[in-house]
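Multiple structures follow.
What follows is a pair of complexes built around subunit A, which joins subunit B in one and subunit C in the other.
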Partner chain A sequence: MADTATPAKAKVLVVDDSSLVRLYYRSALEIAGFEVKQAINGIEAMEKVLSESFDLVIVDVNMPRMDGFTFLRLLRSGAAADVSTLPALMISTESGEQDMAEARVAGANFYLVKPVAEAELVRHVCVLAGVAL
Partner chain B sequence: MPALAVALAREPIPRVREAMMTALIRIGNAASIEVLLPYLRSQEASVRAAAIEALQALPEAIAPFMSPLLNDGDSDVRLLATELARNMEASEATRLLCELIEHEHHPNVCAAAIDVLTEVGTPEALPTLERCSARFAATPFLPFAVSIAMSRISGEES
Partner chain C sequence: MSALEDQFVAEARELIRQATDNLIALERDGMSPERIDSVFRAFHTLKGSAGVVELPAMSIVLHAAEDLLDSVRHGTLGAGAEIVDAALTCLDQVSHWVDTFEAAGALPSRAGEDSRVMAQRLRSFLPRRGDEQPAASVPDLPNDAGQGLLPEWVSQLIAAERDAITSRMPEGPMTATAISYEPFAGCFYNGDDPVHLMQQVPGLLAFQIEPREPFVPLADIDPYACNLRLRAISIGNRDEIAALFRLVPDQTQIISVPPEAFPAAEVHVGSGNKSLICKVIEAQCELLRVPDRADELAGCIGAVARVAENALRHGERLDLADTVGRAGALALAQQDAGPLLSALERALAAFASPPSTAVNGVSQAASERPADRVLRVGEAKIEALVNLAGELVVARNALSYSLRQVERKLDGSEVARSIQRDRDAIDRLVTELHGSVLQLRMVPVAQLFGSFPRLVRDVARQLDKKVALATSGEATEVDKTIMDRLFEPMVHLVRNALDHGVENPGQRRAAGKSEAAKISIAASRSGDRLLVEVADDGRGIDPAVVRRKAFERQILPPDELAGLTDEAAVDLVFSAGFSTASIVSDISGRGFGMDVVRTAIEQIGGRVSLESKVGAGTTVRLDLPMTIAMSRIMVVEAGGQSFGIAMEAVSETVRVPPDRVSTIKNNDGFVLRDRVVPIISLAELMKLPGRKRDAAEPRLLVVTEAAGKIAAFEIDAVRDRLDVVLKPMQGLLSGARGYAGTTLLGNGQVLLVLDMKEILP
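Here is the complex of A and B:
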């Protein structure tokens, strides 16, 4: 993980199969000073976190090939110790208690229900990445 | 087919379930669709994803089921059903998704439909998208998504 504490240096991985969602998050976070990389599913996200350093991952639930819960369980499994504590913000259309509980068990640090406004997104990312608003 | 349906319902191992779903894709008829559809309501994200991928592989067989799915009482089902239009013929996908958007009250379902239209939509979707943007003006993501979708459909953005 990068040892940074300012948005200008903090690096966020956005994992969502929707190109529109990725673009929306990227736009909001880049304006706030974050560096943003993207992945379209859990498999691509795992490849990215194993090859690059990130301060936070934002992950959707429903994605093809590997869903967000599976990705988080794999991330937290300790199979790759360097990334097992990477902060994770899960953002999904799923608003049921069961999904939120599963997110906690899988290892999400926080869970938001879509649609998420830019300011709310940036605020949660700052808190979880440990950077000043 | 009934034996495969029963086995799929009882199968706990994801890879085996995927193999069974692949067998259903190869059969590819209406009965296959009827076996796969209930898995859109699964509590397990991985099962929902596998069902979507299987159903997307059968765009012609799924067509008669689309209207009921897009009018389902469960917004999660309507949202997932928008994904099934992605591999359908563009004009039919556009018609189905525009009909949905015109009367859909849930912003996340509209967002999912817009996402698919961004990829496969035809210019006939533009008036519906404009109305959607105005209707959900207070939900910033939707006007943003509509603007991108309209640009791509109009060919103003690659």
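Here is the complex of A and C:
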């Protein structure tokens, strides 16, 4: 858990079924100096986190085949420490307390409600990944 | 006060001292570029620091003084006495404000008014240029009607510097000022320094510098022509900004920018991130509070620790991140979120309060000074440490006593020997610790001597005398307590020398001396004593005059006076109520004389002696202990008198009902925890009339133990517990047994302190 603070940039996995949302996140983050990988649902995300290491995963709630909650629960109960402790930012269209509580139970480190402005996204990612702005 | 404010106070005092010293040197030795530079820098840094801790009144005064000094620095103004006086007066005011700020956390309510008056006075020295226009007439474009009327460059500047502005912008709506400064091409010839001027703008949010015209090819460039346009957005005081640019009104535009011209405050970065970091850490706490985790527990603990560490690292609190990381590892090992949760809560509290070191402005300024690598520790903390070390010494003594009891019971056993070994080790450590802790209070006398150049200068001017002060031995170290108590007597001695010792220039010329008198203050170390000498080359003390005064004031009868040697006669100046000044002057105080000095010095265990030669001068020598050896005593009353008993010797004070007292062979005694303790009436022992006692009244006893003996002294009352400096018995009493010494009480009364080892039967 020590090596997340590469000061220049960090590696982020963006998981969302909407290509528009992924593009939006990616451009904002890449301009801010992050390396960005993408996945379109929980299953693909799981394959990605198991095959390469990330500093943060940004995950949507509602996705086909495997939703964000399930993905997070699976992630957190994994055996490999460097994977199961991956910091997770959940971004959802739902602003209800119940969804936030469920995100907490699933193991999301932070929860934002869409739409998220570019600057806001970058700010949160910097804090969660422990890098300077 | 916050750590930042503490730092400010300490730094301000140092800068004030530095500036004062240099100003006086400047006046004494004439103009020197290094000195005036150093004074200027001190004022400049001080002004900056005052800005950091948000004391605008202080900044305004210092700013005016800085302008004044800048003129001196550039030779437009001479460093005359009135300028030095004005700068010193300014420092006095600032020093006073610093004191108030330290005590009350704010400047006095009238500081704003005072600062304006003083700033005006300081500026009155500045040369007025013919073309100068008053600050108030800086052109003010009609711009208050709203955003629509803002010149385009303002909107462009705000748009271009959006990030810088939003990150530095304070919360809430604010009115800012936009500045555009296009210096004339020939501005350098006027002595203008555009960039420097811009840097002085208070509260800068954004700053842009660009060529006014596209630059010509390098070969054709005129390096002496200024081709710059400087633009800035500031939230500083508009009047202050206008005053800054008062000399270049035709080259500047200063425009008020209404709050709505700025981007929404929502996109805060910088300071706003602090609250985000707190929010993130809080969210991690929430995550840990989710009950009944099974398989995900380890993952969640790990992820929480990782994110919290990241957030703290982002907030540049590596220390807290480290702590959280360790707590995370512990939580993982125990499979319990508890340790991590409490670490996060603590980190959150620590993060929310300002860090002690990560402050930029002032601590950076402090680190620029290479000398003085010292750790500042509050006096109270050291005092607490000294007290603890003192208590440890007492506890060690108690251990020795217990050991002796063990030895009696288990003579020669392994246990006793083992305890003895441990006692010896502790003994050594405690003695060393006590010594090192006392060392913490040692400070160089330079701190004390530093106040005298100013004092001598001011008093000499007041008296129209010429005096050169020389100090030596500034590095000699002495206990802070001694130094603090030395200040007043020293001031007194120096004032005496100035007032009575030193002649005025005319008299000195007539006596064939140089016009300027010499006063020297020297410190040196002799064994474990500190010697301080205050010497002048003035008129000296005439024994004949002293004899006459002593006679007039009836200090000694005439026959005794006649029998005194000249030296002994001169020593009479230490008698109470003696003063050789024919006119009671404002300088050396009224009715205070050398007797006050002597009392003060003797209170700290020192001695004063004086040597004087008529026409050649006077030297006063102070012989002082390096440290104050304080003894803790209990003041008790018996037979209508007070006595001191060293606390180390006191085991306890008890009230014993008369029926528990039994008389054995005319001696009273009582049983205290299986031991028979003899009762001794302190009044009787001291041959004082005993107090009549009610038969049923319980008897007040001080149980004392020393040198393996025990006894209970009957007393009438316990009055006080004091830390005092013991003076050994002197003169006729020096042979008296049973006394550890005497001490002066606050009311001037002499208290006899008993030596229990001698008194115990």
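Here is the rule we use: the second predicted complex is superposed on the first by the 124 of 133 C-alpha atoms of A that agree within 3 Å, B and C clash if a C-alpha of one lies under 4 Å from a C-alpha of the other, contacts with A are read in each partner's own complex, and residues count from 1 in each chain.
To be clear about the criterion, contacts are C-beta pairs under 8 Å (C-beta built on N, C-alpha and C of every residue); 3 or more make two chains touch, one makes a residue touch a chain.
Keep in mind it's a predicted model, so treat the numbers as computed, not measured.
Once subunit A is used to superpose the two complexes, subunit B occupies space next to subunit C without a clash. When both complexes are overlaid on chain A, the residue A:104 reaches subunit C alone and has no touch with subunit B. Residue contacts after overlaying the shared chain place A:19 against subunit B, while subunit C stays out of touching range. In the superposed model, more residues of subunit A are touched by C than by the other of subunit B and subunit C. In the superposed pair of complexes, A:44 makes contact with neither subunit B nor subunit C.
Seen from the Cα centre of subunit A, subunit B and subunit C lie 140° apart once the structures are superposed, a value rounded to the nearest 10.
In the superposed model, A:131 lies in contact with subunit C only, and not with subunit B. In the superposition on chain A, contact of A:35 is made with neither subunit B nor subunit C.
Of the two partner chains placed around the shared chain by superposition, subunit B and subunit C are both touched by A:117.
Here's the short version: in the overlay, subunit B gets within 12 Å of subunit C at its closest Cα pair. Taken together, the two structures place residues 117 of subunit A in contact with subunit B in one case and with subunit C in the other.
Taken in their complex, subunit A has these residues touching subunit C: 1-2, 4-5, 73, 75-78, 81, 84-88, 104-105, 107-111, 117, 119-120, 123-124, 126-133.
Residues of subunit C touching subunit A in their complex: 267, 269, 273, 276-277, 280, 283-284, 286-287, 290, 294-296, 298-307, 309-315, 321, 325, 328.
Residues of subunit B touching subunit A in their complex: 43, 45-46, 48-49, 52-53, 76, 79-80, 107-108, 111-112, 114-115, 118, 139-142, 144-145, 148-149.
Considering their complex, residues 18-21, 23-24, 27, 61-65, 67-70, 93-94, 98-99, 102, 114-118 of subunit A touch subunit B.
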